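You will see subunit A twice below: alongside subunit B first, and alongside subunit C after that.
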Partner chain A sequence: MSVLRPLDKLPSLNTATILLVGTEDALLQQLADSMLKEDCASELKVHLAKSLPLPSSVNRPRIDLIVFVVNLHSKYSLQNTEESLHHVDASFFLGKVCFLATGAGRESHCSIHRHTVVKLAHTYQSPLLYCDLEVEGFRVTMAQRLVRVLQICAGHVPGVSALNLLSLLRSSEGPSLEDL
Partner chain B sequence: MDSYNVPESTPSASSRPEDYSVGATPLQKRLESIRKQTSFIPTPPRRKVPQCSQLQEDVDPQKVAFLLHKQWTLYSLTPLYKFSYSNLKEYSRLLNAFIVAEKQKGLAVEVGEDFDIKVIFSTLLGMKGTQRDPEAFLVQILSKSQLPSENREGKVLWTGWFCCVFGDSLLETVSEDFTCLPLFLANGAESNTAIIGTWFQKTFDCYFSPLTINAFNLSWMAAMWTACKVDHYVATTEFLWSVPCSPQSLDISYAIHPEDAKALWDSIHKTPGEVTQEEVDLFMDCLYSHFHRHFKIHLSATRLVRVSTSVASAHTDGKIKILCHKYLIGVLAYLTELAVFQIE
Partner chain C sequence: MDETVAEFIKRTILKIPLNELTTILKAWDFLSENQLQTVNFRQRKESVVQHLIHLCEEKRASLNDAALLDIIYTQFHQHQKVWDVFQMSKGPGEDVDLFDMKQFKNSFKKILQRALKNVTVSFRETEENAVWIRIAWGTQYTKPNQYKPTYVVYYSQTPYAFKSSSTLRRNTPLLGQALTIASKHHQIVKMDLRSRYLDSLKAIVFKQYNQTFETHNSTTPLQERSLGLDINMDSRIIHENIVEKERVQRITQETFGDYPQPQLEFAQYKLETKFKSDLNGSILAEREEPLRCLIKFSSPHLLEALKSLAPAGIADAPLSPLLTCIPNKRKNYFKIRDK
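So, the complex of A and B:
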């Protein structure tokens, strides 16, 4: 029905759009603000969504990168992410999807075992990033990293494509992942 | 390209333990276990449902009755250096002197304060999982009654006990001089716990840290304890969740009849004697979806804080109360595992 496809719209001039999907509104808002504060040659657009599918009534630009934010303190956010993943077209997973796990710092509050998220990221062949979005310093660093990845996914960095980046990130993971 | 890497990695991983097992020093064994942990992503945990171990036949139910129905605060403890079971009387004396000295330190002269205390160290027989586990021991602070009356024993002011149940993964990596008793349970005034902790840390070069139980482990406990067969249920199965909201957090409490909980578990459980991650998740998801149907609240977005069953009850701050002596060893085994995990 309304499945997100990476190439169904024309790109706008010098614009890179990121979609953050997650149940924690406050954290997504803070991450979006940190990203917009970064100075970047392209124009950044950040869209926030609680879950997919997105309402089709809104006119939105082409989405270059989707980041699924999973809160390790809440099983609900994991279930929400798993359901949203069904509404993303398979060709998005060639480097244009990323998982972000937050809340690993406070071990006593964790309801999800870390390896559940690792397995999820491995199943969808996408990189998994860890960041405690509540901590300002980590959030700013993660925002810088995401802006860089977004620029590559939007094609604004000459010589590197989203697929290149994905294979670069994956080769640093051990071969033991294949045992899963 | 991915399948090309696999044949190379697996033979080398399997030959490494054989190289090191003969004549390996504890340090090498330790490094090996850490290396194993970082290179392999752990498979979903499967745990044995706590059964009565054969060692428990030695345990006198009367002797361990005082361990039940009491709230214990949990700590994890690093191995004790040069601890000897034959010196228990000596330790009692030293600890007694230490406590008296500490209590007199900061206080002005307070007449009538119970400085007449007695410290007793004793071993607890049978509180272990395998023969390799070190013997558990108990420390009690009793107040010496002023009057020479019938009850010369005095009131128990503080109790603490150290144990290790199925702590094989820690026992392997530690040398002879150390005694591994990673789980410490305390009941009594917090000031006493602090003083005794300081004495142990100074005498045996170990380190205490409070053992917290996160929501993930609490849901495992809920599933494992619901799986236990109990003759008659002494308490309802109760869960408590904390909702993170401002300004104050709300608490949601959910009580189920224990037989219903057991029936739900039996319908989920497949392999006898083993509990898997999927079964635990399914058990909790059933509770969550039932609650959602009635109240439209997603319990999975909240944090599980307390679990109470007929076998035991646990709070996330590291407080536990064991109600059933049949599964005492099983509960201790899981707690030992958590303590060992925290130490490592």
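So, the complex of A and C:
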């Protein structure tokens, strides 16, 4: 079974690649478009996948950041994410994975409790971001954040590494997560 | 002209939106061209209606004329009613007789009039050998209620009839009987199919929905068209699961075809099954009575919504056959029991 590893390929010059994993292609496409509209010194590449494992391909560049998009309206989306996580090598979780929960704004449509994704992110020691990807304003802001995080994960920001960023994000989380 | 008839015509005309009024009146063909030309349709609706009633009085409109106008109004506004589907069958060994419309109408009317002294029955024939029947129900002692009629659309070359659901359900067996006997059938059965869209019901029942039309889009390469990719798409975005997407598109196309789906508003599943569990001795497993559960899917266009589930990534392809069999089995009401 192929497993994604963070350092199994050489990086390309000034390129940062992000992999978005989620069941709803339309949402991923919109997020990708928003990210590519941002001004960025590095060359961005966005890969979209419905699930892992990815089809084997020698041409794929090194992946710097994986974002798992979970739609809180769909149990199918959560199940897909949980199954895909098995195909990611443990060393990816040192700051190069992040979870994005969408759909929290429409509470009546949510079939996954917020606690479930919080616990998932906590289990994998990775940050959890919330964003309603269907709303353009929120999506653009999230795209800006993700581009910044991607640049750090690709090593393009001097003095900050993915692991630094992870510990920075973690120390700002409340103590309630320890109870989970 | 009878006061009740005048009132009935007035209420019917009031229901008609102004932009459809001339079309419907022309289809009615009761008032002459000359008479219609005297009416100023740009006035306020009440004035137009007053004028039209006056013209109807001059021409002495009867109850039958009024009923005919009601049928035409309903034909233009089919979606306001919910339609049930009935299937008739001939007995074993019965010959297929030539259908005689006149004889059918007489027989139908006679049967109803013999059973209930007070009914108003009106007919209007349309294309495809179909006849629209309007029945206003009364009892032995009360006059027919013209404001709660039942409509039946019978396609004489087929064993199918479509009936509008009404609140007066006690007359349904009598109606079924009249229809069966008048059309020289033996038995009538209600199908588990119901919708507001008569055209879609027709398409499903007569199996006419699966016609593919050649469109000018068919020249674009299959992959681009089916994936909905923009030709000018950013080359920095790479889709990893193209193979999977193609598989989903292919399965969706095999299940639903390329043609527009007939329009239904809901599908209802009634489950009556015993609890099944791997664990022994669970309380629910010991229960003798089956568990009952009702699941209803609603949508402005249910079948198109189901068709778009897998491509949108909301469900896995292939979909459950319980959902995809709806047009094929000609049902949208299902009862699921233990085998």
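Points worth noting:
We adopt the following convention: the second predicted complex is superposed on the first by the 178 of 180 C-alpha atoms of A that agree within 3 Å, B and C clash if a C-alpha of one lies under 4 Å from a C-alpha of the other, contacts with A are read in each partner's own complex, and residues count from 1 in each chain.
Heads up, the rule we're going with is that a contact is a pair of C-beta atoms (placed from the backbone, for glycine too) under 8 Å apart; a residue touches a chain by one contact, two chains touch by 3 or more.
Remember, it's a predicted structure, so these values are computed and weren't measured experimentally.
When both complexes are superposed on subunit A, subunit B and subunit C clash.
Looking at the shared chain after the overlay, A:113 reaches subunit B, while subunit C stays out of its contact range.
Of the two partner chains, both subunit B and subunit C are touched by A:23.
Applying the stated contact rule after C-alpha superposition, one finds that A:76 touches each of subunit B and subunit C.
In the superposition on chain A, contact is made by A:32 with subunit C only, not with subunit B.
In the superposed pair of complexes, A:40 makes contact with neither subunit B nor subunit C. Clashing C-alpha atoms between subunit C and subunit B appear in just one of the listed stretches 78-86, 168-176 or 294-302, and that stretch is 294-302. Shared contact residues on subunit A (touching subunit B in one structure, subunit C in the other): 23, 74, 76-77.
Subunit A contributes residues 19, 22-26, 29, 32-33, 36, 43-51, 54-55, 74, 76-77 to its touches with subunit C in the complex. Put simply, subunit C touches subunit A in their complex at residues 234, 236-241, 243-245, 312-316.
Contacts from subunit B toward subunit A in the complex involve residues 2-3, 5-6, 8-9, 39-42, 44, 212-216, 219, 244, 277, 284, 288, 298, 300-304, 316. Put simply, subunit A touches subunit B in their complex at residues 23, 73-77, 79, 107-113, 115, 118-119, 174-180.
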